[in-house]
Structure formats: C-alpha cells, structure tokens
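Presented sequentially are two complexes of chain A, the first with chain B as partner and the second with chain C.
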Partner chain A sequence: MKQNTLGYKVKQYLMFAGPGTLLFLCVVIVPFIYGLYLTLTSWDGVSATKPFVGFANFASAFADGDYWSAMGRTVIYSVFAVILINIVAFALAYLVTMGIKGQNFFRAGFFVPNLIGGIVLGYVWKFVFNRAFVAIFNSTSLLSTTSGAMFCLILVSVWQYAGYMMLIYVAGFMSVSTEVKEAAMIDGCTPTQAMWNVTIPLMRSSFVQCIFLSITRCFVVYDVNLSLTNGEPFGSSVMAAMHVYNQAFTYKNYGLGQAEALILFIVCAIVGVTQVMVGKKGEVEA
Partner chain B sequence: MTENEIAARNKKIGHAITWIILLILFFCFIFPFLMVIVNVFKDKSDITRNPLSLIGATKGFTLQNFPEAMNKMNFWTVFGNSLIITVCATILTIIVSSMAAFVIVRNGRWKVCTIVFSLMIASMVIPFQVLMVPLVSVYGGTLGVLNHRLTLILMHVGFSVSMAMFMFHGAIKTNIPLELEEAATIDGCSRWTTYWRVVFPLLKPTVATVAIINTMAYWNDYLLPSLVLTKKNLYTIPIATQAFYGTYSTDIGLVMAALLLAMLPILILYVFLQRYIVQGVTAGAVKG
Partner chain C sequence: MKKKLIAGVLAAGMTLALAACGGNSGGGDSAGGGSSSGGTAITIFNSKMEIQSQMEEMAKKYSAEKGVNVEVYYSSDTVAAHMSTRYASNEPYTIAMVDAKDIYSLGPEHAIDLAGEQWVGNTTQAITVGGKVLGFPVCVEARGVIYNADAIKNVTGKDFNPDSIRTTADFQAIVDELIAGGMAAPTGVMKEDWSLGAHYLAQVYEEHADPDAFIAGIKDGSIKLADDDVYNKLMDTFDILKDNNYAKASAISAEREVTEQKLAEGELAFMFGGNWDWDVINAYNYSENMGMMAVPSDLGDYNTKLVGGGSKYFYIDNGVSAEQQQAGKDFLNWLVFETAGQEFLVNDCNLVPAFSNITLAVSNPLGASVKAYADKGALTPNYTYLPDDHYAKNGASFQKYLTGQIDRAGLADEITAYWATAEVGAH
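Presenting the complex of A and B:
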C-alpha cells in the first residue's frame, strides 16, 4: 500500500478526523473569525446590511460605564469567590482524606451541587434566601439589598464549585506519597509543619489547576446570575457576561456586544494565563 | 496508660471530631435540597406561612403539586428532549473525537494534524460568550437552521470535540502500544478495522470519562440551548425550568415540584453510578 501519497493522507485524515474537524471549524473557528468582523460593524441583528464602523464599537465599549461597572463587579466577585472556593475545597479535601469511616460518602455528598445546572441551583437558593432564611433569621431577604445580592452570588458559587475542586485536591493529596511525609516526621516535623512544608508545595500543580478553573468559570458566570438575582436589585448584580448578553440580544447592539465579549475574553485569558505561568514557575518535585 | 495507648486514644478523638465537622458541613451542603424536599409536599399557603415546618399546618401532606407542575412544565416532552439531545450528542462526541485523536496521534508529522491539534488546544480557552453572537447570526440569520434538535446536537459536539479529542489523544499516546496495531495490520486489518477492533475497545476508561463529563455538561447547559431552541415543544429541562419560573414564580408549591423534577433524573443516575461519576470527573479534571 502506498502510504506516502497525498491522496492516501487526505483519505485517511478525512475518514477519521473529517467529521470532528468540520464540526469544530463550523462551531468554533468560523464564528470566532466572523465575530471579529462583527465587532467592526454596527449591526442590529435584524437588518440585511451590516454598516462598517471601524473601531467605533471598541471606543463605545471603553466608554460604556455600565459595562465597566459590571466588569468591576465581576472582578470583585471573582476574587472573593476564587479565594473562598479554594479554601473550602482544600479544607474539604483534607478532611475527606484523613482515612475516617464513610469518607467516600462525604466526597460524593459534597459533589452533589455540581450535578445540577446553574439555572436550577439558582432558583433553589432563591427560595432558601427569600423564604427559609427569612423565616430562620426573622429578617428581610439578603437578595433585596445591593451588597447582600453580591454576597449571595459568592456564597452560591462557593457552594457550587467547592465539591468539584475538592476532587482535584483529593487527587493531589493522594499523589503525595506517605513516605515523603513520614520522612519529614522522622526528621522532626510536626504534622502542621509537614503539611505546610512538604504536602502543600508538592500539591502546587493542583492549586494552579483549581485556581485556573475557578477563575475562568467565575469570570463568565451567567446561569446562576440569571436565576438567582437576574441583575437585581437595581441592576446592582449584573455581571459582565450578563451585560454582554443584554447588550447583544436585549438591546440589539450585536457589534458592541461582540466587542465587549471580546474584551471580557481577553481580560479573562490574561488573568488565567498569568496565573498559570506564575504558578508553574515555582513547581517542585519530590 | 502507655504512650501508644494515649496516641491511639488521641487519634480516635481526632477522628470523632472530624466526623462531626464533616457531618455539619454535609448538612450545610444539602440544606437547600432538604428545603425543596420538605416544601414540595406542602400547599402554597402552608409554605408561605412556615417554610421550615415538616408538614403543612392547614392542608397537611399533599402530592397535588406534582401533577400540576408536570402538566404546566410539559415535563415528559421536555425530559424527552433533554434525553435525546444528551444521549445523541454524547455518543457522537465520543465517536468523532476518538477517531480524530487516533489519526492525529499516529500521524503527528502531517501538517494538517499539527495545525488542527494546536487550533483545538488554543480554542479551549475561548468562553462561549465570545461565540454566541456570531453563532446566532450565522445559523439563525443566514442559514436559518435554529429550532432543530439536530442543530443543537451538532453544536454541542463541535464545542466539546477539542476537549474530548485532547483526552483521547493522551490515552492513545500513552496506553495503546504501536506494536498492537502493527500486528493487526500484518494480520490483514485495514486502518479502519484496526481502529474499531483493536484500538477503540482499549479506550474504554477514557470513553467512560468523556461520556460522564459531557453527559453532565449537555444535560445542564442553559445558554446555548436557550439560543438555539426557542420553540416551546423543543425546550430542554433547564430552559423549561427558567420559563416555568418566569410564569409561575408566585405559585411556590408548583415551583418546588418543578425544581425537584428538574433535579431528580440526574440525582437518580448519581445514586447508581456515583463511584464512576466521581472517578470520571476526577480523571477528566486532572487531565484537562
């Protein structure tokens, strides 16, 4: 069989990777490139013509006060959520790897919120905040105040993602061999010292990964935002992704919406990649 | 008491304390679900009066929320839509991406393989928000293929093919010995039969991981389906829940039933496949 002819290669490639490549190009690459073009037009989503406006959309995006306050809110939300998700997830992972009875049951239990979509979770929590907590604490709902709504969003995100990140930290804990820890203990480390000086540095890649995942998820939070607060009260909990959605589909500024989405992506990518690069730098091996 | 006994006793106390802490945390984690379960069997007026009571004060235990919510939510249609879309998209993702991974791993030096592979890896950082506007304008405006389940299935596959391909890529590269394929070729297998008879059966663990991750993602996805499927009879569970809440948010008993119905299918699945799901998600997260 001739394996070096171009015909053979093309046939082989198309037979195996043809469908995958085609779908990938149609759904990801073409829209991405077309999206770049859309940012240069002032299309309203309905009319047949797409007036070319150059970089005017980026100028309006930079001047869009609502967008930047949504962005600022997203950054604040992400900072709190990412830190808390990782602290809670690490603590949970630590507790469920101590070797106590029923730890698999607990692992499975903490993971449950991840099984259910953000829309349903948001409504479940809305009920808890608006009815159950009101009845327990005998106060007004947290969701009706500006800072309260932010707090609720952060709380729900931590609750939602902690179980998932816990699984990654559990895998990290398992990868640190007991021999290394025992060696440290024989050398006179207390369990706390062994934790800080041996286990945590060896788990660095788990941290890098969990922080990357939580940053990239928090930055584009949408489902929970929509169902839990829907931007209320007074538009004080509209996150960047929701603003982009409204800009494009509610106010029909497709070009401007796309430009703002692109800026969101760039900010998110820069933060995520920087974090990974800084994190990988100090990685150590046993 | 000897030192060993003291150490053993301390360890026991430590474990007991951990156990109690975990139990409290566990309660906090499932509290929202408990609230739904407690209130789903109560009448609307009883929920408003006291959402914490176990049994309604005036109307007592009732099941009437379920038939009404199922009816208004069009539950079986919506459930069927979600099921068809999730199952088809998951199977297609596995077939399409494992085949692509095979040809890319085994022919790493072909230019097209390197280009597609790097494009797919790079594309994994693009959030959906960047693609949604052009996607709607191309497939909705220009081609007019929205509001078909097949469109959504193919889009789901297109979005997850890069991640799945990456995982199969790793599995084929590290776990499938080249000698095995050579032996199959000598025995007269074509590349196609070699793949399906020899390579694919060995990829079972990765197939399970990809299936679990994608099933959960497709079942729960809201934004993409809500943009593609705008007709009521095509709704999936998340869209139907959102639409239902928009219309009946004051009828809190019905809302509770709808939320429980929306959660139930995947929770039942979790009870049976819990070990595999936890393993699959861990494997997927650590590799990805």
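Presenting the complex of A and C:
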C-alpha cells in the first residue's frame, strides 16, 4: 500500500483528526460564521424573524459612545493588569526557584487563587473590600469610587492570574541550565548581570506566552467584573465584554451586540498577534 | 485488513455519535428528564428566585396528584436573556413566568390566547395585547416606603400611624423627631440600579395622568424635566431619604442585605422598596410591626396610593403540543380555583394573589399592606413599556445623584439625554 498518495493521506487525516475537526467545526467555526451573519441583522434575540440590515449594526457600534468608553476602560485595565501580573508572577517564580525550604508548598499556594472561579473570587473580594477593609480602616469602601473600583478589579486580576503565570515562569527558569549561568559567573558577571543578560533572554518564550495569555484574558474579562463590581458605581466599571453582553441580552439588541463582540475580538486578536510576533523575533537559543 | 476494518468502524462510530449529539435539538418537546411515563410532561420556567424551592416542592405534589409530569426550571439570567437562549435552542417552556414587558415583546409571537379561560373574569391584572389575553398575573406587587413601626414607637413613644404621613413635610417631621429621639439615621436607600431606575424614577412617569404623553413631551422637548412638578416633588422626598441615609458617606457600596437587616432589626425606620423585600427582611430577626405606606409627597391623591399591580406573568407557549397547552391551562386553573393551588400561592410562596376569588389572608406584613391597598383600589398602575436599558442607564445616573456627583438638574439632563434616542415599547 502506497503511503504518499493523496487518498491515503486524506484517510489518515480523517481517521485520526476527523472527529476533532468535526467537533471544532461544530462548536467554533459554524457558530462564528453564524455570528457573522447575525451582525448583519437587527435580531432582538427572541423573535423568529431576523431582519437583514446590512452594515447598520457596525455603524451603530462605532457610534455607541458607551461601548467605546467601555473599550477604553478595558485597555487601561489590561495595560495595568498585564504589567503587574507579569512582574508579580516573575518575582514569585524567581523566589520559588531559588531553592528555599518548602518551595513546592509555596508554588501550590500561589497557584490556588487560579483554581477558584472568577465569580466566587469576585464575591470573596467584594466582601473583603466592602466589609473587612471598611471595618479595619474605618474608611469608605474602595468599590464606591470610580477609580477605586478599577483599582480593585486590577488588584483581584493580578491576584488571580499571577500564580498561573508563575508556573510558566518557573518552567522557564528551570529550562535555563545552570551551566550557562555558572559560565557567566565565572566570566565575571554579578548575579544581577547574569539574570539580565543570560537568564531573561533565554526565557524569552515564557514572557511571550505569559504576556499573550494575560492580554487575551484581560481583554475579555467578564466574570470578576460581574461579581466584584457589576459595572458599578454608576456604570463606570463596565468592561467591553460586559457591555457586549448587556447590549445583546439585556437591552435585546442582539445584532448590535454581536457586531460589538466582533470588534472586540478583532482588537484583541490584533494586539495579541502583534505582541507574539514582536516577542518571537528576538528569541535566542543557548 | 481486519485492523483497518475495525479502525474504520470505530471512526465512523465516533463521527455518528457526534452527529447524534448535535442533531436532537429540533422539535419542541424536549422537556427535561426522562420520566415521561404516563401523562403529559410540561415544563415551567420560574423567574422568581425566592420561590424556587416552593415551586419544586409543588411540582412533585402536582405531578403525583394530577398525573402530569411537571418540571420547574430557574435561571439567574435576566428573563429576556434566558428566554432568548431557550428560543435559540428551540426548547420553549410550556409555561414561562416573565415580567410584564416581556409579555408585550414575546407574547404576540409566542403566547397562546387565554381569553376563553374562566379566571379572566376574576382579575383586573391580566395582560391583553391586540385583543388577546396573553398574560396570567402570578401576583400583585407594589412599591412604597417600608416602615418599621416598632422602631418608630421605641423612639417616639407613640404608636405609628402610617396614614398620618402624607406630605413631604410630614415625612420630614417624623424623620426629625426620630433623629431628635436618638435614632442617628432613620432611613436606608438601596443603591441598586433597578431600585433607583426602575422603581423610584419610574414613579415620575407613573404619577402623571398620561405617562405616554409625558415621555413624548420629554422626547420632543416640550416638557422640561428639570421644571416638572412631579419630578421635583418626588425628588424632594428622595432627598429626605438620601440625606438621612445611614450609609450616606458610602451610599454606593451599601449592600442591600445590610440595609434590610438594619431596617428589620429596627436600626432604621424607613426604606423605599416593595413587598418582594420581605424575602430579604424575613431572613433576619425582624420586628413584629412592619408595613408599607405610600411614598409621601405633595402630589395630592398619589400620596395615598402604592405604585404597582400585576407582577410576573405566566404565558403558555404556542410552540408546544396541544396536550401540553391544555395541561398548562389546567395548571393555571388549579392555581386560581383549587384550594391547594390557592394555598400554594398565598401560604407557601407568600405572594399577594391577583384574583378576587382568592380570600386567603396574606401572612407577611408587607404583602398584607399591599393587599389592603389593592383591595381599596389604591394602586397607581405600573408603566410597563419602558425600554430594556432604561433601568441600567438611568439607574447609573440616579446613582450619581445619590452620591452627590450631579445635582437634580444634572440628573434631569441625563434622563432627557437618554430619552433623546430611546423609544418606549410598543403597546
């Protein structure tokens, strides 16, 4: 039996990847394309008819001031959250790979917040901000001011994701062999210089991965947003994803919500892909 | 060769299994659970979270007694959002409990006409759209000021008579008296956008003789909201609630549960709310004498009435089989005409019935107040045609007012700006 004919290859593909491909088509590609179609209708989400309106939804989406202020807020939130998540995660990873006593225990401990779902986590922190901090410091709640609510969202996201990103950085640290570091030290590097000039460049792929993951997650944040602030005070902490949900389901403008979701997806994809491309360019091997 | 055959069969089998998973969403009769042995199976969607356990209990009993398999579902999503996902997956409920506005938006397309039913003559709250009776009122709910008479008596030493508080001045006087007597902050304000936007602000429309004309006036600029008499008088009352709020410094982070606990336990005397708040107050060590009174204001007549009416409506879906529709109708009749059904509504669920033939006494004090007002005919009807985003957007503006970020004119401006593009629902 020949193994390089097209028929053979197709059969092989179908046999091994067929079910996976079918599943992927059914739950990702088809809904995505159907979603694209819905952006061209003024469907309200319940009605049996889906009137075709062309690109009117995109025009409304670009004119929707609330959407763009939510988007702006999301960008600000993402910038702060991504930077802080990665700094904290890197620092934690550094600490738990130094060989301190019980470092595996600490690794597990820092990872735990990631195991708690975003909804639960939001409620837990809401209690902390609204009751515990208020009682301890005898002050008003941070969640009651617009900048305070943003600060809380960023803080909770950092707390949630830092442990997860830490694991990737830990893997990065472990992949840099001690020989290279020792060689650098023998050549006269201080530990700081070794870190900056040897370890970090060799860990570049970890940074690319972590930043990509944190950017994409921050851009579409919804669960923590819902349970921690629910967009309050006065709608000043509504992130893009929450606005899209409200637009589509609560305000019953499904087509418009879908169009706004598509724009959010495109923005998120552009930022994520650009970051990966820029990051990959400078990767080095030992 | 044999191996190849087995592999092929396996792959085909897996693909088939997948196709089967995706294929059964058609058809309308996908009532959850497989126990359809004997009798019809119907599904009920419940959107009142506080009665979910009672509903489930009732479904078991009803199924056993009537030989109809009843399944009750609940979703914490907004009603509109949940119904849209159900219709999108082509799985309509036999009976769905929705808000009044949803009857107008979903009803004409999805609900069957109930005009021939006997209960129609026993209620004034059914919803009729285009000559067809589409909505069955589950209960009566009303808004007003909840008071704690025991807390007031403790401070003033006199029995509290809610009928003595009519005007803004009366309200201010009793609040001042309470403060003088040592109650530091006699009022609580719920900061939730639905409470401010959908409940308090909505009164501004509802306490106009013709809300449609009033909103049209705001839209075309012929009515200036900031100068409107009803708006200003209601805001005068709101200012008293706001200025004496126990959480004045951080009004926006006051949690509903905490506020209602304080009210229940007598730390506060007044809070704007509705009889649904009983389900929260109920959870605490509440005072014996509580009740609801009309929102005090200088608006003649309106200050003797609660605002409310039928709330939560059942409709029967036209996408289910004829047997299911009939079973649905039987269920509605059971609620209205059979003792077990009446007791379920009034005693188990603590609801105020919307039917004149149900004479069971409502045991919870807030419900009892509402029933008393309803029996007197002292209810200002709900204006149920506000757009879906009205409560969220204007609620956010109202929150700004609550925290002092904008003043009364600023709030009027934001509401007017909202109405520039918003449209009331068709009716």
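Everything that follows uses one rule, which is that the second predicted complex is superposed on the first by the 264 of 286 C-alpha atoms of A that agree within 3 Å, B and C clash if a C-alpha of one lies under 4 Å from a C-alpha of the other, contacts with A are read in each partner's own complex, and residues count from 1 in each chain.
Going forward, a contact is a pair of C-beta atoms (placed from the backbone, for glycine too) under 8 Å apart; a residue touches a chain by one contact, two chains touch by 3 or more.
Nothing here was measured: the structure is a model prediction, and the numbers come from that model.
Bringing the complexes onto one copy of chain A puts chain B in a clash with chain C. With both structures placed on the common chain, the touch criterion links A:Met277 to neither chain B nor chain C. In the superposed model, A:Ile76 makes contact with neither chain B nor chain C. Of the two partner chains placed around the shared chain by superposition, neither chain B nor chain C is touched by A:Ile87.
Using the contact criterion defined above for the overlaid structures, shared-chain residue A:Ser144 touches chain C, although it does not reach chain B. In the superposition on chain A, contact is made by A:Gly163 with chain B only, not with chain C. Touch counts on chain A: comparing chain C and chain B, the chain ahead is B.
Contacts of A:Phe265 after superposition: chain B is touched, whereas chain C is not reached. In the superposition on chain A, contact of A:Lys252 is made with chain C only, not with chain B. Of the two partner chains placed around the shared chain by superposition, neither chain B nor chain C is touched by A:Ala59.
Once the two complexes are overlaid on chain A, the chain A residues touched by chain B in the first and by chain C in the second are 15, 19, 23, 26, 45, 249, 254.
Those residues of chain C lying in contact with chain A across their complex are 7-8, 11, 14-15, 18, 22, 77-78, 80-81, 83-84, 87-88, 105-106, 109-110, 191, 193, 249-253, 255, 387-389, 392-393, 396-397, 399-400, 403, 405.
Partner chain A is touched in their complex by these residues of chain B: 15, 18-19, 21-22, 25-26, 29-33, 35-36, 39, 47-48, 50-52, 96-97, 99-100, 102-104, 107, 110, 112-113, 116, 119-120, 123, 125-138, 141, 154-155, 157-159, 161-162, 165, 191-192, 195, 216, 219-223, 237-238, 241-242, 245, 252, 255-256, 259, 262-263, 266-267, 270, 274-275, 277-278, 281-282, 285-286. Against chain B, the residues of chain A that register as touching in their complex are 9, 12-13, 15-17, 19-21, 23-24, 26-32, 34-35, 38, 43, 45, 92, 95-96, 98, 100-102, 104, 106-121, 123-125, 127-128, 131-132, 135-136, 159, 163-164, 167-168, 170-171, 209, 213, 216, 219-220, 222-223, 226-227, 241, 244-245, 248-249, 254, 257-258, 261-262, 264-265, 268-269, 272-273. If you check the complex, the residues on chain A that touch chain C are 14-15, 18-19, 22-23, 26, 44-48, 130, 134, 140-141, 143-144, 231-236, 246, 249-252, 254.
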